[in-house]
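See the structures that follow.
Note that chain A is present in both complexes that follow, paired respectively with chain B and with chain C.
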Partner chain A sequence: MSGDIWISLLIAGLSRAMIYFLLASGLTLIFGVLKVINFAHGAFYMLGIFICYSVVKLTGNFAVAFLIIPLVFGLVIGGLTETVLFRRVYKAEHVMQLLLSIGVTYIIADVVKIIWGVSPYSVGMPEIFRGFFSLGGITITKYNLFIIAISLVTALAMFAVLYKTKIGSIIRACTYNREMTMTAGVNVSRVFTIVFVVGTALAGLASVTAAPITTGMLGMDNEMIMIVFSVVIIGGAGSITGALLGATIIGVVEALAVPLLPEFAEVIMYVIVAIVLLFKPQGLFGKSEARV
Partner chain B sequence: MDKNHKVVLEVKDLHTYYGLSHILFGVSLVVRQGEVTCLLGRNGAGKTTLIKSICGLVPASSGEVWYQGKNIIKTPAYRIAASGIIPAFSDNRVFGNLTVRENLEIGKMSPRSSDKKVIWTIEKVYELFPILKEFEKRWAGSLSGGQQQILCVAKALMGNPELLILDEPTIGLAPVVIESIGEQVEILKAENTSILLTEQNVKFASKLGDTCSIIDMGEIKFQGTFGELYKNESIVSEYLSV
Partner chain C sequence: MDKIRNLQAGAREWVWYVIAFVILMIVPFSGSIFWTNLLTEILIMGLAAMSVNLLLGFGGSLPFGHAAFFASGAYATALLIKETNLPFVAVLIIAPVMAAVVGAILGIIITRLYEFYYAIVSAASCMVLWTLIRKVPIFGGDTGITGVEIPEILSSIDAMYIFTIIIVFIVLIFTKILLNSPFGWIQQAIRENPNRVTCTGSNVLRHRYIAFIISSFICGIAGMLFVLHTQSTFPSYAHWVKSGDFVMICILGGVNTFIGPMIGAAALIILQTYITSLTEHWLLFLGISICLLVIFMPSGIMGLAGHLPSKIQSLYRKIRS
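Take a look at the complex of A and B:
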């Protein structure tokens, strides 16, 4: 294969990586602040894809779905899950938190089954994003470029909020020490809700971004949470920079492994996780004290 | 102790547990306006548990904490802080992942009463602790222990406390730093700030304190002035000597 094809593959891998990043950033943000690994994050992603399908079918307009779903998703799904369910288990053992998030996963999977049935759905590529750019022998689909752009904008926005605003410094303070944040007069449980809503909205954003290139089907939630959890482990739990790097590593390695080592393509992600855990158990950007 | 000074905080018969272990056994304590009230005791005597109970961080199982006419024993920690009881803990002094300035801004609260002599702002805090201005863009985690302690006190002042709680401000610090912290506390006291000071360092506390209570095994063993304390050598040697 020529060099151009490799570059095209790399860019396709990168756009896949950016979907992982959108998901992992929400998961890692929630973990950094709430210290809860929300395994239902993958189910949120699947639910978002199905909702996106219905909204596009109903309105005939992808832009509407793209703008509305993450917002509503975060406020409704994120808000309800945090205030009704997760709030009750912050002081419980990790096993209880894990069981709750797995329970939510099953509930969402059944809800999807009841509403959409068991057959797969596809949103289809919006007209405006069809086609590709060519540069010499390198081809990039328009939509892949869009995915990379939207994800980088999201990453920049997250850093801007976290490091340049008051709520950002409050969120970072919560990741450092909850009690100390409370004694500064901050209502920490409200911060938890905000962070959970934002993290879930990011899952919704990942769904609508991935929808045109993904087939919505049952089981995709479990597949995705394994990948995204690996991304968070590689990058270091709680670190947005780590999520960006971890997602890039996994997405690109996955894209290159398919033609190079097809028989190992599925395993290679776990090999990377194992190597990182061996040499840097806290992840590439993880601190012993988890921070954003 | 001047009985004419208004009571800021009154703890009555407080009992606190950590899980199944009983830590505080009916502790009572009074803090008066503009005074430095010292709480002395060895490591593990219950000092930090008592102030965490006052701040709402550790739930007390019974007893009362009266502040501004209300029993705040069930009030959430952030509301207690917002109403003006602001602690500076020695175990977690600063937000290491925030800059010095961000640490100060996060602690910022407006004064609650209009008769305040001093209103703490970032500028005013920088005036009292010039080193913080110099380091305002640095990560707080990169400061030395003494600098972190200064930031810890400054952060609490930014909340314009009605009651400032200083939890072992001298622990682990060099004598020269301890001396300068003592000077800063003197300034705060002169500005009529009410302070609850916990210490193991009796010498440091006695220079600043108006009254002292000695806590051991979760019980108050002595309450009075430092003069009275020093007359009673057996108490000093039993509860305070290392």
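Take a look at the complex of A and C:
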């Protein structure tokens, strides 16, 4: 194969990577502040895709879905999950938190099955994004460019909020030392809710971004969550920069591995996780205290 | 201290095991195929959950990847019987050893990690195996391996049940002895505080590694028994959701008790059989049950049972006064 095709593949991989990043950033943000690993994040992603399908079908307009779903999704699903369930287990053993999030996964999976049935759905590609650019031999679909742009904007916005605003510094303070932040007069419980809602909204954003290029089907949540976990692990849990780097590594490797070893692309991904962990057990950007 | 006292119960506890063993041995003579089948499954799943509990309850780790060893044991058994002419007894030994070998390889990375990293990486290692099983032709792809022939002597439901009981009880006794040995004490000390154990001169990493291999060996036995019971094996055995089930069973039964996983397996499987006969939305039911369990009953059935006598006593006192 010629170089041009490889570059096209690379860009396709990069756009895939950015969807992983959107998911991983929400997960890693929640982990950083709440110290909870949310298995249900994959289920949120799946639910988002199905909701996106229904909204597009009802309104016939992708833009509406794109703007509204992440917001409503974060507030309703994220808000409910945090205030009704997760809030009760912050002080429990970690296995309880993991199990609880698995429980939420099961509930969402079955609700999706009840509402949408077992057949796969896909959201059609919106008019504006059809077609592709070509530069010499390199072809880039318009939508892939859009994904990369949206994700970079999101990443920039996250950094801006985390490092330039007051709520950002409160969130970072919570990551470092919860008790001290509480002593400083911060309503930590509310911060937790906000972070969980934002994290879930990011999952919603990932869903609507991925919807036009993904087929929604049952079981996709379980596979996606493992990829996102790998991203978080490679980058180091709790680090947004890590999530960006981890997602890029996983996405690009996956894209390049598919034409070379189509059957074992996933295995190669996990091998990379294993190699990274052998040399850096906390991930590339993880803090050295892996024993939380 | 409760946890320690649980283990030191000693002779009285052994009597209960003998009674349980005798009662379980009588079941086939009741003539109910349904219960014999169900109990076989409960014992096997209980054994798998017990291997998880060795690391979860007694080691303080978060093993979310034991489906990998369950599947290793299962696929090793199926392939050894189908593809080779090895005697059956050899299969019984080699299959769990294969699971232990898989455990030894994955353990190199997993046992170095703690907490969530441990959980996620063990779950991810499940998925590696799951992918390999589906893609490598010898494992039979998505349809798995069916029609595994077992020797004449085990072909009846009752015989398979008795065989399962005997193997499960042998493993239980071995595990009990192991947990009461210095090895078991260090295992529980690591749960409480790994740093202090290092200070006493024990090699925590090596200890965790050996415990991991033993646990994967036992889980491999459970996988092997399950194949002999159902005579087929599927890729879903290696999916991380299966590992989640094992952990769920442990919590349901009570993690800090030795016999908890068995009780949890009984409760979950009986419930599953009952609910699935009523509705197809078992998953929804399971999800809601997990949420309720975690929030309202974190010490599981055994924990609840432990509190019950004192609760009844206080109630009795209230009534009298």
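To be clear about the criterion, the second predicted complex is superposed on the first by the 287 of 292 C-alpha atoms of A that agree within 3 Å, B and C clash if a C-alpha of one lies under 4 Å from a C-alpha of the other, contacts with A are read in each partner's own complex, and residues count from 1 in each chain.
Note that contacts are C-beta pairs under 8 Å (C-beta built on N, C-alpha and C of every residue); 3 or more make two chains touch, one makes a residue touch a chain.
Owing to the predicted nature of the structure, the values given are computational and were not obtained by experimental measurement.
Student: Evaluate whether chain B and chain C can sit on chain A together after superposition, giving fit or clash.
Tutor: Aligned on chain A, chain B and chain C fit with no clash.
Student: Go through the superposed model and pick first if A:V161 touches only chain B, second if only chain C, both, or neither.
Tutor: neither
Student: Of the partners chain B and chain C, which touch A:V186 in the superposed model: first, second, both, neither?
Tutor: first
Student: Which of the two partners, first being chain B and second being chain C, lies in contact with A:I268: first, second, both, or neither?
Tutor: Neither partner.
Student: Would you check which partner chain A:L9 touches, where first means chain B only, second means chain C only, and both and neither mean what they say?
Tutor: neither
Student: Using the touch definition from the top, say if A:L256 reaches chain B (first), chain C (second), both or neither.
Tutor: neither
Student: If you stack the two complexes on chain A, which partner ends up touching A:I138: first (chain B), second (chain C), both, or neither?
Tutor: A:I138: touches no partner chain.
Student: Comparing chain C with chain B, which touches more residues belonging to chain A?
Tutor: If we count touched residues of chain A for both partners, the winner is C.
Student: Looking at the overlay, what does A:H94 touch: chain B (first), chain C (second), both, or neither?
Tutor: Second partner only.
Student: Superposed on chain A, how close does chain B come to chain C by Cα atoms? Whole Å, please.
Tutor: So the smallest C-alpha to C-alpha spacing between these two chains is 10 Å.
Student: Residue overlap on chain A between the chain B contact set and the chain C contact set?
Tutor: Common to the two interfaces on chain A: residues 291-292.
Student: With touch defined as at the start, can you tell me which chain A residues reach chain B in the complex?
Tutor: That would be residues 166, 169-170, 172-173, 175-177, 179-188, 289, 291-292 of chain A.
Student: Quick one: in the complex, what on chain C touches chain A?
Tutor: For chain C paired with chain A, touching residues are 56, 62, 64, 109, 112-117, 119-121, 123-125, 127-128, 131-132, 135, 194, 239-241, 244, 247-248, 251, 255, 281, 283-284, 286-291, 293-295, 298.
Student: Which of the residues in chain A come into contact with chain C in the complex?
Tutor: Chain A reaches chain C through residues 31, 37, 39, 85, 88-89, 92-96, 98-100, 102-111, 113-114, 222-223, 226, 229-230, 232-233, 237, 263-264, 266-267, 270, 273-274, 277-278, 281-282, 290-292.
Student: Please name which positions on chain B make contact with chain A in the complex.
Tutor: Checking each residue of chain B against chain A gives 52, 55-57, 76-78, 81-82, 86-87, 89, 92, 95-98, 102, 105-107, 109, 155, 159.
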